[in-house]
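For reference, chains read A, B, C and D in written order, and residue numbers begin at 1 within each chain.
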Amino acid sequence: MKSHLAAIAGALLLAAPSIAFAQAGSKGSVKVGVLLPLTGNTAWAGKTNRIAAAIAAEEVNAQDLAGGYKIELVVGDSQCEPRAAHDQAERLISQEKVQLLIGEWCSSASVAVAQVANDEKVPLLINISTADQIAGDSGPYAFQSSMQNRYSQEREAALLQKDFKFESVAIIVENNDFGLTFRKNMVALMQKAGKKVVLDVTQDRNDTNWYATITRIPASKPDLVIVSISAVQAANFVKQYAEAGITTPLFSDYPPPPRIFERQVGAQAGKIGLVRAAFFVKSDTNTPAQKEFVAKLEGRVQKELNEAHDVTYWDVATYDAVRLVADAIKRGGPQAAGYLKAMAVTKIDLVLGHYEFDEQRGSRPEGLNFVFIRTKPDGSIEVVE
Amino acid sequence: MSSRILLIAAFAVLAALPLIFGTFWINMVINALIFSLAVFSINLLTGFTGLLSFGQAGFVGIGAYTLGVLTKQGTPPLFAGLYGVLLAMLCGFLLGLPAARLKGHYLAIGTLGFGILIYQLLTNSVDITRGPMGLIGIPTGVIDKQTWYLVMLAVCLTLLAALAYIDRYSALGVILKMVRHDEIAAQASGINVFAVKLIAFTVSAGFAGLSGALFAAYARFLTPDLFNEQESFRYMMMAVVGGIGSPLGGFVASLVLTIIPEGLRALGEDNYRLLVYGTMVLFVLWFLPAGIGGLIERQRR
Amino acid sequence: MSVLELSGVSKRFGGLQALSGISLSIAPSEVLGLIGPNGAGKSTLVSCITGVLRIDGGVIRFEHRDIQRLSPHQRARRGIARTFQKVRLADQLTVYENVAAGLASRWFSRASGWSSVFRPLSAKSVGQAVNRALEQVGLGDVSGTVVKSLPFGRRHFVEIARAMVSEPRLLLLDEPATGLTETERERLAMLVKEIGASGCAVILVEHDLELVGYLCQRVTVINQGRHIFTGTPAAAQSDREVIRAYLGMNQLISEGADDARG
Amino acid sequence: MFGQILINGLVLSGGYALVAVGLTLTFGVMRMVNFAEGQSVMIGAFIAYTTVPYFGYVGAIAAAMAVNAVLGVILERTAFRPFRGVELNGLIASMGMSIVLVNVAELVWGTTPRPFETIYNETSVNFGTVGISVQRLICVAASAAILLGLWWLVQYTSLGRKFRAVSEDHETASAMGIDVNQVSRLALVIGSMMAASAGALSGPVNMIAPDMGRTEMLNAFAAIILGGFGNVNGTILGALLIGMIQSIGAVYISNAYSSSISFGLLVLTLVFFPRGLVPERVDENV
């Protein structure tokens, strides 16, 4: 009996400091490794995601959102490439002694990081890669806060049928991790909705010449063209699509990169009325929290990188990830066991929407923001849905 | 005698490394040791018979994915690794049939074509290899890094000794080098040049497949990008920087060219690291025509 | 009882008829001279015998078996060895290693041969054969030196040693005397005599007619791919065709001769 | 439909031919493959991209060629002359140079892919059901013109004769008083200029980024093998073949395997023609 009482007293004592809202860091600091691409062809995204993560960490420490712990971010350049991501994850864990991990951008790199996280028993929150089940497949130490492809494609299929009248559809993808899962899910969804897939093309992702594929569109006469290709290739595709003068409505699954896309192909996208899906777009329909974050990040990017920047979904996803980690530390502490248990029962509203995790440790899509946007002839963007 | 003591001392230090450095560096060295097997395969092929191959990463990929896919389907890792090496050797044999008749640059580009073919197969056969999504959680069990390190060190050193023996002391070494220096004279001495080249291709593909299988068992994740033509160029670079005829040079080069760029990461995340890598390759080629191996050879003599 | 018989051997390179209807035979221990002006087709004939070139017509029989279908290494393993006009040695390797390579035809000719491939070079079986060949050609002193540092003349002898090490029954010497000093030439003559005496047939392709006269019991003369004479060296010197071929003044002679005959 | 496939094939062939011809020239003269040719395409594209506002498009192409000429000299000094005897080391040195060039470009221009806007991009000409941008037509016409110019240079000028002499036989050429080093440098200079024009012409068709040029180089290799190493006319034919087959293959077979198609074909040709379709002279005699 006595020993039992002592245990309860001990637990109470432990809990006491957090109740008293001690100053952040009073319980020490937690090192969180952040893996993102700073070199290679996706460095344009990593540069601004890094600043978004820094803003989140500063807010957490300023407003003591991590239950008395101070968050210290350690960045690793994983280059959106599996081998670099694997080595960087190992470095952050064994050299920098990080206790938690956030990352990576490209799915194939996240696969590698998830493997290391489970081997070294260091919890990982996959914040951007959207391939299905990366967390689920890799093991108990990985969570995935980004909306998985299968959920976003279900949303897209539903919205497409609402906004467009079409019976036949052409599906064109790139053979990277993103494109191939998209194609599998979308073909099934379209067939389930009774639409005829008249053209189904998978293009080699190093092949920047889309002309051959585009010439097949008029021949197969689809009512709607659905495309899922990466940011760089998307700009290429839209340019060649407009050049070829094809008027079939075009929907691109890939969220727009910031300035690059609009500046380069805004006019052409406007000419063909390109519709795109996005988890987040800077627009007047943003929530106050979103507007506040956008202002903060764009100001910071202007100051640090002195270049104008339109906030993208990837920036928001990275910001939210750091906040999610802080929230889980507050409720379960930085040690793996408590942290993972807390993360599993997360219920929190952040910039992109409401976050909860299912039993496969993937985020539930219901609460998350999802919009359709159309490029107007003058190149500007309007939110459709 | 002194050089032998030097060698043993050096290897003793190498064996003790894990105790000194943290697991990150050990992971780096293990990767470098696995790399060096693929560099060995080039040493064996090019160093001995003079044949060029820019498709070695294709064989590494075959070895790796065979182990990956089979272990995920329940085959015990050892057998899966064996099948991987055998499949790589079969592909080496099939590629060797036309390749053994090719010369110089035609052979280089022909094998490059083979490498690209394998890479595209791995990327596009989604239902077997999950393509770009990558194969994750290959159940080969998490053996701790120290044992991996010692096992890999032992494998590399035995191979080094075997290749050195063949190169310097065995009759096979003379035959292989005859084929490299002068095929017509070799034929006139009763050497079936075509068969020697074919066997060299097959055995070298086997080594590359072994390197792939070991990588799959160690890293336990695979994506096709780990086996594209840039990787084949990287193996070739290490073999040449190491000194094409010298397996020891190749071994040292694969350690140096894996660890130094990683060490330079402190220079900042962007491109200085690769810039230094490129210039390092150039400097070695300018000042050490026979590569690091040539340097070691000169010291020893 | 001949070790090698050629009958009606011909070879075409596109339009050029390099060899037409060459027939000859050679008995064991015989040294046959194969002479003719430059470009007569001597090297082509050697390449046809060793299998580097496929013949277009005729038959080549070695030890009474048609070897037309055999590739060069198979013919070498059967016991046909050769040296080259331009010496072909691995100059980074030592003399010992180069000569040891000649043993390949012995190693691979028998099933058991394969196992010896992995045995060290210094093994008794290898060492014995190589050292014997080196002694025979008088290179015992330079066994460990790298071929690159050998004077040109002595390299010929390394090649002969490599050819002899697997005890061939037929040795083709392709202009071995070129570039030899006087003493080396005598050394070569003595060596060819010994090789003949040991039972191995020798075909000596050579411009040095004095050497041929001394060494060969019989000579065959070839000119523009055609076989114009076979017989003793002495007879060859007085044969009209041979003189015409060699002196190369056949236009002059034929005009003069025809007028003389009226 | 066939018209578009033809045009697309020509555009591809134009780009591959310009790169392949540069490679063949350097190989013919120096017996070495320049693995940094792909990066010369990239440097050419970026120089043209940065100079378009000042010199206009045609001026930009000229500027790109000029800068690449200098690049050619640098490449010859660093990656080719020191390795005259040891071809393999030369090959790897050019790979080392390609890594250096990519990373220098990334430092100077950043990794973000950029559009290369020219006035010809917007206007397009209707061709059956699909329009073709004037830029593509220019790309085809200009590469044809440049290739013709090069063919004329190789056939009729004294430099061309020197190229052919040196690629025919190294020793005799220098014996005849031809400065082989100078000819090699010129070969690499012209090769890099060809690559610059390929970059400047194909840049506007797609996007430009520091890691561009790799697929062009791989396909140029395929073209060289089909056309025969060191043979300029054969290489142009090879490039045409590869461009057409890829363009047709992309439509009728599958373009997830686009580079495999050209390399698959290449491996097949090598099986039956170990020395390429247009064999060089036999350089190995007994």
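The rule is simple: contacts are C-beta pairs under 8 Å (C-beta built on N, C-alpha and C of every residue); 3 or more make two chains touch, one makes a residue touch a chain.
Keep in mind the model is a prediction, meaning the values are calculated, not measured.
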Chain at the geometric heart of the assembly (C-alpha centres): B
Relative to chain D, chain with the most remote C-alpha centre: C
Pair joined by the larger number of C-beta contacts - A-B, B-D: B-D
Centroid spacing, where centroids are CA-atom means, of chain A and chain B in whole angstrom: 37
Interchain centroid distance [CA atoms averaged], chain B/chain D, Å: 31
Separation of mean Cα positions, chain D and chain C [Å, integer]: 49
Separation of chain B from chain C, taking each centre as the mean of its C-alpha atoms, in whole Å: 43
Where chain C touches two or more other chains at once, by residue number: 52, 84
Touching two or more other chains - residue numbers and ranges from chain D: 106, 256-257, 259, 286
Junction residues of chain B, two or more chains touched: 120, 123-124, 184, 270-271, 274
Chain C - residues contacting chain B, complex: 50, 52, 71-74, 76-77, 81-82, 84, 88-93, 97, 100-109, 116-122, 126, 162-163, 166
Touch list for chain D against partner chain B, complex: 27, 33, 35, 78-79, 82-83, 86-89, 91-93, 95-100, 102-104, 106-107, 218, 221-222, 224-225, 229, 256-257, 259-260, 263-264, 266-267, 270-271, 274-276, 284, 286
Chain A - residues contacting chain D, complex: 39-41, 43-44, 175, 201-204, 206-209, 211-216, 218-219, 232, 235-236, 239, 243-246, 260, 264-265
Chain D-facing residues of chain B, complex: 46, 52, 98, 101-106, 108-110, 112-114, 116-117, 120-121, 123-124, 184, 229, 233, 236-237, 240-241, 244, 270-272, 274-275, 277-279, 281-282, 285-286, 289
Residue numbers on chain B that touch chain A, as the complex places them: 22-24, 27-28, 31, 120, 123-124, 126, 131-134, 136-137, 142, 219-221, 223, 225-226, 262, 265, 269-271, 274
